[in-house]
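Common to both upcoming complexes is chain A, partnered first by chain B, then by chain C.
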Partner chain A sequence: MNPRTRKILEIVLDNLVWFMLLFVLIVFSIFIPNYFQLGIFANIIEASSVLGVMSIGLALVIIAGHMDLSVESVAALAAMAVGILFCSAGIGFGIKLYPEWLMVPVSLLVAVAVGGLIGFFNGFLVVKLKMSAFIITLASYIWVRGLVLAVSGGRSAQDLAPAIRWLGIQRLLGLPLTAWIAIACFVVFSAVMAKTPFGRHLKMIGGNETATYRAGIRVTRNLVIAFMLAGAIAGLAGWLLAIRTSGATANLGVGLLFNAFAAVVIGGVSLKGGVGSLPGVYAGVLLLSSINTAINLMGLPANFTQVVHGLLVLAAVLLDTFKQNLRQRLA
Partner chain B sequence: MTEPLLVLEDIRKNYGAIEALKGISFSIGRGEVVALLGDNGAGKSTLVKIIAGGLEPSSGRMLFEGKEFLAKSPAEAKAAGIETVYQDLSLCTNVDVVANFFMGREITRKVLGVPVLDERAMEREVAKALANAGTRIPSLRTNVEHLSGGQRQAIELNRFVHWGGKLVLLDEPFAALGVEQTRRGLDMIRQVARQGIGVVIITHIMQQAFQVADRIVVIRQGVVAGDVARQKTSPDAVINMITGETLAGAGPVG
Partner chain C sequence: MKRIVLAAFGVVALAMAMLTPAFAQSKGTVYYLVPTLLDEFQTGSVSALEMFLKQTGYEMKTLNADNKTDAQQSQMNDVIALKPAAIVLAAVDFNALKPSIEAAMAAGIPVVEFDRQITSTPSAFTSVAGTVEIGYVAAEQAEKLLKAKNGSVKGKILQVLGDPGDPYTLDIQKGFEEKMKASPDVTIVSLPAMQWEASNAGTIVADQLVANPDIDLIFSHAAHLSVAAVASLESAGKKPGDIMMMSSNGAPVGLDLIRKGWLNVEVEQPLYAQAAAVAMFMDKIVNKQEIKPGEYDVLHLKSTVTNEAWGPNIKIPGAAIDKSNVDNPAFWGNMKPPTETIKAVE
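For the complex of A and B:
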């Protein structure tokens, strides 16, 4: 094999999800009437913003060799906190700040702080007490959702303050600002993971924690930060969710966790840690979203989406094994 | 050699009722190569981990450059100038050669106040270091998982030569190396020692110890069973010390 074909093959392997996305979009555009429209593509991006943001945080901890099952509940709690503070109907207090735009940063700060706090709690227990991330975050998944139910009393908050809601309505180049926020998150965190020492260290910790410790990298500190980031980013996802639904309900976002896992795995992140990149995860999110859209357009019952997602995860794992084999032959 | 680089005084390590080290005392001078020999389970690796900051001794003290020294983590030992190459390789196979070489010490430049990895500068340094050592690796950007055992070990050895420091601990560094690479590795050790860096090398292979070391320290059952200059001993005498056929601390034989 000459170096050129080899290089091309490497690029294809590295960005396999993007090619899959492209392939799926082309196939859908050809075979599903009305699929090929700018509005549909905008809708795909828009619909994937909450899931996309949540997947970033999840991917960070998984790349660092751990796991965070609590992101879904954390997002719900952050959304509920924002809802209770800034909604005017239901259980909302309807707090008003002047000038009104001030509510945007304040609500964002509340959501991120709620998430970061729970993330710190998770990280501290996992890293300092050396408990399994699976168990700790499973517990958080349960108790945080419980907290959402408890503080809301099972009721909902509606009518989010228009100043915040504006972010979900105002469009720029056909996409609402909330979608741009999600895209910005991907750009920023992709850069952090690929270009900064912190990102490099997280990846190496996921690869061989002992080696990084021996090399003098502050493993515990980095991991706690990763968990905090996962929590804070989940909080941000919750904030976007509250904006999208103009409020918060007690069962907001249920099921997102599994979609996030699916997106992360499809995006090429290995659950063993140390492998994967965020652009791939974004492609995974878009892939899920475009399939959902296709199912909607074809008028299939929505229940089929679950079946398709599940098969997609299986396909992703199989593909990953195949990729590994191919790479070994390349090296 | 005036003041020794590192002095160990009565280092003990207990695991519950088991005494792994029962009072180890010896010293290493600047530019000196000390071969640490001993049978399996004699406590060599434990001792190295204590010096390198991976383990805390139960009692005893260490003087590094004349000052009391105890590293609580590998990071502290590194900051003091102690580099370690471990028996089980300390590489992250999921990243490339350059990232491994600079693990924890990445070259960065500030972009808008944020530290950003300077990949080009790092790649240049690695290429230079590997070329100096005569190590050939096809691409510095391939992940280490695709490299052979020998290439991996070469990366680790070059890494310690490059970073130097004041004291280098090598725990069976040549286990996966071929004849030629081992010879080059031993040359590297002499070269490092000539720069005034102290070297402690653990090995099972008597021939290597006699090729490279200035002094041979034998540990048996957690105590120093012999501490002799290389010229004043022979492989047979050292084997006797390892297996315990001479009295502990008997010193030069033959």
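For the complex of A and C:
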């Protein structure tokens, strides 16, 4: 293989998930009626905003060699906190702040703080007390969802304050502002991971924690920050979820965790840690959202949609494995 | 320190002593096996059953299965071992619970089916609005709405189901589509909101608005799905009334949407009456007395008891709620539990 072919192949492999996304979009556009239109592509980006933001936090912790199973429940709790405070129907208190725009940063702060606190709790137990991240965050996944149920009493909060809901309605270049917030998150955190010492240290910790510690890097502090960030970002995802659905129900966000894991893996993040980039994760999220939209438009019998969804995700993951094997041969 | 501990024990002992007479007055404990608490109808059913059963002298305890069939089977097994006066079951899975129901009945513990009818095995009593019937009522309302809009029963309906693994939503779909077959000019697009999750319903509506801009009516199988559907309609620049909407179960959020003009019709499940019927017949159920077929007044709703192959069955009619009657306090979505005390059927 000559150097030029090799270079092209490496570029393709580095961005395989984006090529997969492009391929899937072309195939769906050809074979699924009504798929090929700007409105549908805008929907795909909009529908991926919550999952996308949640996947960022999850990816950070996985790249650092751990995992966080609590992100889905944390997002639900953050959404419920925002819903209870700023919704005017159901169990919402309908709190008003003046000027009204103040409700946007305050609600965001509430959601991020709720998430950050749980993230810190998880990080403290995992890192300081050397407990298994799987068990600790699984416990949080359960108790935090239980807390959502306890504080809501199983009821829902509806009719989010118009000043906050505005972000889900107002469009810029055909996309709601919530989708732009998700895109901005990816840009910012991609830069953090690629350009800052913190991002590089997380990758090093995920690759080899002991070696990183011996190199004088503060592993404990960085890991606690990673868990806190994952929680805070999940809180942000919950805030977006509340805006998108104009409130919160006790089962809001159920099932997002597994989609977030699928997106992260498809996006090229190794579950063993140390490998992965956030732009790839965003492509993974868009890929899943494209598949969901395709299923919505295909009009399949309800009983089969989950099977199709699962098989398409499996195909994407197999393709990713093929990529890893090919890369090893090239090395 | 010693004094504090002794005082604490004293308070606990006093509390226990005060509790004893309450237990003594109770006719027994009834266990309610609720399928999930992540849904307003189910949480409402817990408080309604508790209130009515208390009025007829029973204490109620609730176990939540979190929508897991195996968890509910284990709960049934555990409760059978406790030998309660009766078990009220709202089954997660209509068929999978059959052996557990048979085991409880064989152990002499009467099982009451609540809200979700199980016809494959006999129970002591069944109190339902009928999920298939809810589909029928919804279809009648859909026909009315389409006729009013298009001059005849024609057009396109987007049906947003709940989780496709939940027989409750599949039965509503069955009833709805069965009735709508009589209207061949109506196209129905049916899609499931996985795990009854609201944002999934929102995504379905957003996609379908682009793919099928000629949708006349959106029918969601639960009111909380309609809330997310409305959010998607708002994002697409729609105003109340641009697309007709309908949902089923009669939750508070659905009634709010009617008041705001988004929702045209909400098909109510008569939660209070369903729960009251269970309590009204509980003495007969526990004492294994005959429940006579006929018409009964359950919270002013004419309800019919019939003897079916699966045992005595009371069917309470579901109601269609629209702007004209949305404030009627009889609807459970208005969260005003009946003030009158119910009496046991003699």
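Keep this in mind: the second predicted complex is superposed on the first by the 314 of 331 C-alpha atoms of A that agree within 3 Å, B and C clash if a C-alpha of one lies under 4 Å from a C-alpha of the other, contacts with A are read in each partner's own complex, and residues count from 1 in each chain.
Criterion: a residue touches a chain if its C-beta (ideal position, glycine included) is under 8 Å from a C-beta of that chain, and two chains touch if they have at least 3 such contacts.
In this text the structure is predicted, and so the values were computed from the model without any measurement.
Participant: Would you check which partner chain A:46 touches, where first means chain B only, second means chain C only, and both and neither mean what they say?
Facilitator: In the superposed model, A:46 contacts chain C only, not chain B.
Participant: In this superposed model, does chain C or chain B come into contact with more residues of chain A?
Facilitator: C
Participant: Who does A:249 touch here: chain B (first), chain C (second), both, or neither?
Facilitator: The answer is second: A:249 touches chain C but not chain B.
Participant: Given the touch rule stated above, what does A:274 touch, chain B (first), chain C (second), both, or neither?
Facilitator: first
Participant: Touching A:306, do we find chain B (first), chain C (second), both, or neither?
Facilitator: After superposing on A, A:306 lies in contact with chain C but is clear of chain B.
Participant: Give one of first, second, both or neither to describe whether A:99 is in contact with chain B, with chain C, with both, or with none.
Facilitator: Neither chain B nor chain C is touched by A:99.
Participant: Counting only touches as set out at the top, which of chain B and chain C does A:197 meet: first, second, both, neither?
Facilitator: In the superposition, A:197 touches chain B alone.
Participant: Looking at A:149, would you say it contacts chain B, chain C, both, or neither? Reply first, second, both or neither.
Facilitator: A:149 contacts chain C only, not chain B.
Participant: For A:3, select first, second, both or neither according to whether it touches chain B, chain C, the two together, or no partner.
Facilitator: neither
Participant: Touching chain A in the complex: which residues of chain C?
Facilitator: Listed in rising order, the residues of chain C that touch chain A are 36-40, 42-43, 161, 164, 170, 173, 189-192, 194-200, 202-204, 206-212, 224, 227-228, 230-231, 234-235, 251-253, 256.
Participant: Would you pull the chain B residues touching chain A in the complex into a rising list?
Facilitator: Residues 52, 54, 73-75, 78-79, 84, 86, 89-95, 99, 103-106, 108, 114-117, 142, 146 of chain B touch chain A in their complex.
Participant: Taking the complex as given, what residues does chain A use to touch chain B?
Facilitator: Residue positions touching the partner: 195-197, 200-201, 203-204, 206-208, 210-218, 274-275, 327-328, 331.
Participant: In the complex, go through chain A and note every residue touching chain C.
Facilitator: 33-35, 37, 39-40, 43, 46-47, 50, 89-90, 149, 153-156, 158-159, 165, 168-169, 176, 241, 244-247, 249-255, 292-293, 296-297, 299, 302-303, 305-306
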